[in-house]
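Look for chain A in each of the two complexes below; its partner is chain B in the first and chain C in the second.
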Partner chain A sequence: MATPELPAVTEPFPIFTLAHRYLLYDIGTISHIRAHHNIPGVLIGLLPQAPQQNVFSGIPLELMPEEARLLCEKGVGYIVDDVRAHKQGFLDRQMGEEERRVLREGLRRQGVVAARQVEEKAEGKKLAAMQRRVESGGSVENWNDLPEDMLRPASRAGRSKKGKKGQNRDSGTATPEAGVNGEAMKPDGEDTMNGHAVKPHASADGDGDEEESLFGSPMNSFPARPLTHRSQDTSTASRRDPEPYGITPATSYPPLTATPPPSRSSAVNPTTPTEEPATDVHQLPDVPPSYPLYRHLHSEGYFLMPGLRFGCQYTAYPGDPLRFHSHFLCNGMGWDDEFDLLDLVTGGRMGTGVKKGYLLGGIERKDEERGGRRGRVRKGGEEVVDVGKGSREKEVVRTFCIEWGGM
Partner chain B sequence: MDDVDEDVIPRSGPPVEDIDLSEEFQDFRFLGTATGNDVKIPKRGEKDFEPHATALQSNTLATSRQAMHNALSFQRVHAPKGVALATFHPDSNMAYAYNPKGSPLFARMGQVFSKGEDPLGDDGLRGQRMWFLPEEVIYLVERGTVDLRWPATEDDEDERGLPMSLQAAYAMFLGEQQGLGALIQWYDPTDTHVPTAPQSPSNDAEIRVTYDVWKPGSATFKKSDHGPPDFRIAVVDARETTAPSLQQLSSLLATLPYEPSKTDAQLYQKLKHGYKNVILAIVDQGVVSYLRISDAAFGREKLYERAGRGPGAKRGGRGGRGRGRGR
Partner chain C sequence: MDDPAPTPRKTAPIQPPPETSPLSGFHQFILANKLPKDSPHTPHAHKLALQVAHNLRFQHGWTDIRLHHDPSRQVSAPSPPRPVISGLPPQRLYMHPDEQIDVLQRQREQRKAGWPDVAPEREWVVPSQLRESWTLRRFAEMFDALSAVPGEKEGGALNFAHSRDVGVEGSESGSGSSSGTPEGAGVANGSSTPNMTANGPTTNGETTTASQPNRWRTGQPKRMLLATLDDDSTVVYYIVHDGLVKPRQN
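Let's look at the complex of A and B:
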């Protein structure tokens, strides 16, 4: 999938667990697993730039245990106990003085950049207003007389005004600071894209070491990339520093660091008592008995999301749910499970009614191995890691699609 | 869908006005058009049926993903003037702020504790100290309304703790709460009044009301005197709960006051509202479904009297439901 603009994410990346849930806060990781691992997750947070609606949600992203488990089994993710990490890092003062100082300084810089952006935005608005006056005067030809650099911010402000008029007004009245945020962020699209594109080459520009130590970390997760690239602009840096804005980062990593498990073999075998304090490498997420079906459909290229909206376990999408409607309503079953015929009718009618197929599936079990299969999947461990490769042929998942005949 | 034959497979989707946009994962390219109550998102037909490896399709997908990425990259900043600074208080798992300003939300959220209740005791600042429940804090942080800080330590030079990230807020305020039905979207925008009932962890099978909810602009809601809520919501985890038993429902309904709807309401509305009702918010890994459970008020209403309908009742509007009467 060609999405070169999105930033690269170092694998394995941490998946944060709290209250038996698996969450991601770093936008880089969220975009990464979507584009490269076909895992959409569910956004459960609020979009600060549009808080008064529930059509679009924001960070954090909640992963189903199945999704977290799959990422762990692939070796691209690992689980971090986030409550413990924060308690130890911040409350128990395990974080060093140096890290605290770096964090403060980094946030202060971002705050200055944000403040400057707001200033620039205000100037841009002024220019846009001037230009509108020119425009309404009917002398459009005069545009050619304006210097190029005057036009640029003005035209951008004018465009965002056109497209997002309602948004600005609404958020402005709801919360003043949200309005400011909205303004500050509005140079969207290409700016942000450039920010990410610029980022990997930042070290080549010979920037300050401090910025490097903070932003060049392997976590790749510091939240302010769209803003930071502006601080590299020497022409603005030479100006006076405005009073920095306060910043609420989306993620705590850094300053916290998560250490991936050293290797898969030692991860399964808890022989080393000196594990990293913030990680729990022995933990694979517990998954429900429908996991084999999940993994099977995922391996076939489907995107799966929670199925509650259609009364099933998963909805299966042929591609990214951003672009496609789901095809199947899926329920995982044990091979010898009994179920009501009425369930089939219900599911079949439901699926057909919303133009989807009702799909049942589970591990096909040969006669000699009856008993205990599901239990073993649930209890976890290494045994289901590389299903579908040769020796695992007994774990063939079969699926059945039910459609209402409507006769 | 009044006159649709039951046995005919529906060929078209539901009527456009019935589509709930939050039911499907929406394309972030339309975020700019979805603000306030004024949502102008293409209803259907914007998505493709299946991938067909065309450049057009993959470009559109890339654009959508980029739009999503940009929208989610938004950074919460706080102007130095008028920022509402809140501080995390680990012992009570709440946060406090002194005279928070800058948002009308503070008129409806948070509370000032009395002498005996304030976790920091009755110092001179108690009257200005407003406390926020865990859910309130997260909501305010997500909105970018407060600048949340860790407790200050002796070497924080400006007496402000380190800024707390959104992630830290989730970890600290929700991490400890077992039985919190889930991280649900408790801030459904139509109900910006926030949870009151501080929840007691319910590890037993009992289902309890998690939140009392008032509609925005509710006339009865004051911080000092809440008045009866518009809705009561019980949060249930879809993966850990089976369908509630009659016993569970009965004990849940027993906790509610007797609240029949007004006598001038429509008959059908009155029946639906019941003597008492509660909304179950069923959470499946971040996706929420709402079910209303009510003690249907058949004992109060005379179904055989056709007169005396409420003023709003339209004859034609109910014709299609007629088959219910024959049973």
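Let's look at the complex of A and C:
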């Protein structure tokens, strides 16, 4: 699942809590927990231009409290209070001059890389389009005539590339200066249009399968010696960096440092103020009373997603939700919590209607504990915080699946 | 309403044709199957079970319906908190999706088309009333008291002799012809005399279920059919499994 470009995630990783939500900003972590910990979470990032569009949301990823709790209990994640971390990291402790400079320089470098990538891609496209035009027209006399095959499929483009290259160069030599001058002066819009950052391999990439741009560069500014000239330039790339793109970092954790908990027992001694948030680690996320069911199903290999759309607490998927339909609509409850049969009928109907089972479950309490029934329920609800730490071994979650009888 | 009335009327409706009886078929059924004296259950639980059994018999065509006051043969298991019904549905009620795949695979190997002929299986039916509230503990207690598969001869057969309701298939006329069965009242529960086993259409299925229980069933968690009765005598049936069982893709 994780693509090779993503950096490896080091566990434990920080889970940021903000306004009682648990968020992940790093795409590497997000795909890591999905691939290795069966936790999909919910992407909640919307496009500012299309806030109504919620089908393809992006980062950040919101974790249910149960998910955050589970990751913390497994010891692969820890909670960082984002607000406090920022206050302490940026306000209490002013960033040093050197620190800022390093950060800005890093951002600028990222922006340059991004700009160069975009430029190269545009260049490749444009070159491919021009190549096709040249090939199809042969020795074109009037460049204002639209080549008739501009709308032809690209597969025919590379057919006779070798033979036509000489013509290409000949016809192009008319205005060699335009390209050279532009590139030497400054990287403005005209400049990028003329394709200065073409590297030797860019043309090779471009003439193949790149989608073609109908509006290539103006014909009279066709770069004359793209291959020979460029190779010298690219060797000294720093000289002609394109205008760096403005990079807005998605996370403030290069400047800030989130430190994992030193250990479970010892309290943190904050050497620097940014390490202060690590104290939050010891407080596990509060979870609803259905958490034991969540953990049980998760340990059975199910992926759990929020269940509001089916009127339940969780929907359980037998594998990645992108590949599987869910099997169960789950509701967790205490062993002695009373429920209406009408709820069960409703859930069973709903589940069967969408080809799922309705699942109830809770921690099984044996008969000897039966005495203070009411009190135990109440206590179970409050004690939920330390559920799973002490009595993990003896607690057994028992589940019941309900389907419509079909009669 | 069950205690004083039955004794004088019990004998009366047997001899004349039932049309002349002032009691409804269902009432006669109630009267014919009284709560045994040694039963640990309350009369209303018994009545509830009877009503569900009646619905199973005459609305859904179940056969060989038996009432279990203490269905667990193993000593360790506790007795269930209420009487439980077992019966044989006209068709297979539940088929696990994996078994379905298996059956279809076998059908393909045998180059057969159409609906696979699977024998019906005896099912546990737990009666409940809509106004009850349940807990997970009660589900667990119920499952702990039930065996995986209801035994063929366990419990007591119910006496449907006097109830001739609408919507009954041919088997009912057969048992109706012998409506003068004197043991009708005495049979009630706990008697081993099976009243409903003589039904024609499903006998072939019964033999297979009796001989070897389906391995798919014994390999899976226990299941029961939760019958919920409402005041308007509607009964809805839900299959409840004692564990994680993936849903059917019906």
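The rule is simple: the second predicted complex is superposed on the first by the 241 of 407 C-alpha atoms of A that agree within 3 Å, B and C clash if a C-alpha of one lies under 4 Å from a C-alpha of the other, contacts with A are read in each partner's own complex, and residues count from 1 in each chain.
The definition used in the following text is that a residue touches a chain if its C-beta (ideal position, glycine included) is under 8 Å from a C-beta of that chain, and two chains touch if they have at least 3 such contacts.
Since the model is a prediction, treat every value here as computed from it, not as a measurement.
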item	value
First, second, both or neither for A:Pro14, with chain B first and chain C second	neither
First, second, both or neither for A:Glu97, with chain B first and chain C second	first
Touched partner set for A:Gly357, first chain B, second chain C, both or neither	second
Partner chain in contact with A:Gly106 - chain B first, chain C second, else both or neither	neither
Broader residue contact with chain A after superposition on the shared chain, chain B or chain C	B
Partner chain(s) touched by A:Pro318 [first = chain B, second = chain C, both, neither]	both
Which of chain B and chain C A:Gly124 touches, first, second, both or neither	neither
Contacts of A:Gly77 with chain B and chain C, given as first, second, both or neither	neither
First, second, both or neither for A:Pro285, with chain B first and chain C second	neither
First (chain B), second (chain C), both or neither touched by A:Gly406	both
Interface residues of chain A shared between complexes with chain B and chain C	318, 327, 352, 355, 404, 406
Chain A-facing residues of chain C, complex	60, 89, 93-94, 128-137, 139-140, 225-226, 228, 236-250
Complex contact set, residues of chain A against chain C	297, 300, 318, 327-328, 333-342, 344-345, 348, 351-352, 355-357, 359-362, 364-365, 398-407
Chain A-touching residues of chain B, taken from the complex the two chains share	7-10, 13, 21-28, 31-32, 34-39, 41, 47-51, 57-58, 60-62, 64-66, 68-80, 82-83, 85, 90, 102-105, 139, 141-145, 147-148, 150-151, 153, 155, 162-168, 170-172, 174-178, 180, 182-185, 187-189, 238-239, 282, 284-289
Residue ranges of chain A touching chain B (in the complex, touch as defined)	1-3, 5-6, 16, 18-19, 21, 23, 25, 27, 30-31, 34-35, 40-60, 62-64, 82-83, 85-87, 90-91, 93, 97, 100, 103-104, 107, 110-111, 114-115, 118, 163-164, 166-167, 170-171, 174-178, 180-181, 184-185, 188-189, 192-193, 223-227, 243-253, 288, 305-309, 318-325, 327, 352-355, 404, 406
